[in-house]
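Each structure below appears as structure tokens.
The following pair of complexes shares a single chain, chain A, combined with chain B in the former and chain C in the latter.
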Partner chain A sequence: MALQSCVNIKKEWDIVGARQMGRDIAREMGFGTVDQARIATAISELARNIYLYAGSGKVCFEKIDTIEKRGMCMIATDAGPGIVDIGQVMEDGFTTSSGLGAGLPGVRRLMDEFDIKSAKNVGTEIKAIKWLR
Partner chain B sequence: MDVVKSDAANYKNFLKEFIETQNERALYGAEQIIKTFIKRNISPEEIVNLHILAFAELYPNITPEVHRAMNFLLETMISYGMALQEYQALREKQLELQSEISVAASMQETLLLTEKPCISGLDIGVISIPAQQMNGDYHHFMKGKDGSLGIAIADVIGKGVPAALCMSMIKYSVDSFPEEAMSPQMILNSLNRVVERNVDPSMFITMFYGQYHPDSEMLTYASAGHEPGFHYCAETDTFSEIKAKGLVLGVLPDTEYQQYERKINKGDMIILLTDGVTECRNGEEFIESDEVLERIHEFRHLPAQEMVEKVYRYFERMQDFHLRDDFTLLIFKKRV
Partner chain C sequence: MDRNLKRIAIENSDSIVQRWLEAIETLKEGSFTSNISDELFESTNREFVNVIFKSIQAEGSIEAVEVFSEKIITLGWPLSYITDGLQFFRRVTIEFILSQVDKLDSDYFSKVLTGVDNWIEPIIRQLVNEYTGSWEHIVSLQRVALQELSAPLMPVMDNITIMPLIGTIDTERAKLIMENLLEGVIRHNSEVVLIDITGVPVVDTMVAHHIIQAAEAVRLIGSTCILVGIRPEIAQTIVNLGIDLAKFPTKSSLQKGFKSALELTNRQINDLDQGVSDIEQMIQSLKGE
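So, the complex of A and B:
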């Protein structure tokens, strides 16, 4: 797999930095405007969760470039409190901003692939991929 | 779902027509395209994108400011699109739940089915309509070996699924009591213990239990905080309340219910109901319980089943065909 580029998330402002880096990579890879906007929004949601619930962490990007598929992978990691009931947070309508469609279920819809690993008091790793079509 | 080429071409044509002629026909055409987009779950950001592309093709020389402004709009539509998808997912979930509930409701109907018994000299009518899909009211007939007729009518405070579950439990408890224990007082005493042990304290259940003995023409009864019924006396052509003291079921474990009795003469009627009947509303105002009795009096010459149906139709119409609470009305007449 290709090289990772990461943005550390500590302050709210860092969310903007993560969006910027993600967008640059997406544009460079040839994603259209709609997908760029979706990727940026997904980054916002993941980075904002790190900022709000874990305090700090990072968002990393990888280009996936194989013979079969090209795409962009984002990985949000933190060493925060973890998500205990993943099934519950992935349910529609569960988010604190309920009814805005945002949050983790929203990210799953914006991206093509989505995976969460989390352990209580250890941290959370969320991986999401958007394929180039 | 993605926008297909033909949609894009149609959209572009209507856009062009509109820009050039401001023609209403173009807007109508666009409206029809958008409706198919909605049907196919095409997100708002995709529509904005379609617009941007169409516009750029029609006017290749637009300024970068206009182009950026439209991209800005596209970005802001992403969140709208997410909210829309969430609503759609929730709506599907709701439909699923609704069909599950209607299955549960028909199961409940089967579970709580009670047959109106044939007792010579008695004409029985009963109607029980839930406000929502599942009924939190309950009525049950039991024919004793001694020829007596047991009649239970009960109401769970609350409606919907929890109330309905509670009622199924009540029915099976009553069914499991031994026949010797079938006096109204003893039934309520036992049920009270069942409810006290098994039902959440926030659920209140009221019940009236009556037992009619055709030989002696006596009705014995007891009540656990249930809406009082009425006795229509044919001789005096008047109604009197069937008062009976008793605590709601499940409040105290050792409640002893009092048993009462009254003579039922030829032409008399016993009217049992739940508060869904007495709390019918006319606009914002509760109806007077007199109004129920007036209707019953008006229909008194009809067969009992027709009476209860007519009374129900009357109040259903009064409330614009929308019940606020489960409605159960039971009338039995002693034939002349």
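So, the complex of A and C:
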């Protein structure tokens, strides 16, 4: 794994900062505009979830550069209340904040790989990868 | 004791200044001052050190510090110049005073340390306060400016209004958009409102949610909302996210949106030339009779 860069999420405007950094990394790696938009949107969703539900946390980016595959990995971590029923939040239309409930399932569809770990009152870690084609 | 230290410092100000100038010269090799001319850097350094001495002599002469900080702020130099400069001054002065005595004991040492700290601290505090105060002021001004730009509404024709959105939409701005939109629809008596999102970099679920709510509210007061300026990559992410925008019409460009707005208000655009040639044809045909 290549070097990691992180953005702390504390205020609403940090979401924009995270998005900007992610988009820059994606552009630098050679992702097309559509994938850049996908990555930026996914970051936006994950960072907003941190801001809305956990209050604070961070989003980190890693460049994956191996012989077989190249890609970009994002890891969103927080020490918030955790997700009780992961199956439920991955369903379309489920929301606890009167939003659209498309955030997490949407991120899974936007990215190529998606992994979520969460424990009640401990926090949540979401890892998502987009491969460069 | 403190008076004694002060006397040493002031009497030997020349050599302290000399050392300080040498120390601050190293800052020049750092990043920020590389595009500043040597003369300006030197004259500012001299002014800086004069201000420090003045402040020490007068036990905190507030005015000189204020004038100097204002100057640094207008020049746009970083805060680190001030803090580094004062840090250097503290080090140089302590070194100098300690070098003046033959026999060092820990008691004298700590007295010198606290003495010099007491001179420097009020200056640091004031300069940093001035500096951050000015930044806070700028930030609050820009916030106001941004708010004025955030949700403009333009009546382009009778019953047709356009709201162009540029930049990131956060919660606060989404509220403003909703308010301005509804107020404007009533005030301009609009039948059709076009929301242009060409300049919105990312449409995530929150942004989409706010737009859907705004469109729904517009529908409730009897107008139609058309979402325009959906770029291809945005269209793809909206589909990936699984957001349903089927409740109101969407168009790729403002131009197309405007055309369908005209259709909705039972109007159309006619070429003027077309009209003229029609008349000419009529005249021709009249002549022929």
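As a working rule, the second predicted complex is superposed on the first by the 127 of 133 C-alpha atoms of A that agree within 3 Å, B and C clash if a C-alpha of one lies under 4 Å from a C-alpha of the other, contacts with A are read in each partner's own complex, and residues count from 1 in each chain.
Keep this in mind: contacts are C-beta pairs under 8 Å (C-beta built on N, C-alpha and C of every residue); 3 or more make two chains touch, one makes a residue touch a chain.
Not measured: the values here are computed from a predicted model.
In the superposition on chain A, contact is made by A:19 with chain C only, not with chain B.
Residue contacts after overlaying the shared chain place A:48 against chain C, while chain B stays out of touching range. Looking at the shared chain after the overlay, A:102 reaches both chain B and chain C.
Comparing chain C and chain B on the residues of chain A they touch gives the larger count to C. Looking at the shared chain after the overlay, A:67 reaches neither chain B nor chain C. Comparing which residues of chain A touch chain B with which touch chain C, the overlap comprises 33-34, 37-38, 40-41, 92, 99-100, 102, 105-106, 109-110. Across the complex, chain A is touched by residues 45-46, 49, 52, 71, 74-75, 78-79, 81-87, 89-90, 93 of chain B. In the complex of the two chains, the chain A residues touching chain B come out as 32-34, 37-38, 40-41, 92-93, 99-102, 105-106, 109-110.
Put simply, chain A touches chain C in their complex at residues 12-13, 15-16, 19, 33-34, 36-38, 40-41, 44-45, 48, 92, 99-100, 102-103, 105-106, 109-110.
Residue ranges on chain C touching chain A, taken from their complex, read 168, 170-171, 201-206, 208-209, 212, 232-234, 236-237, 240-243.
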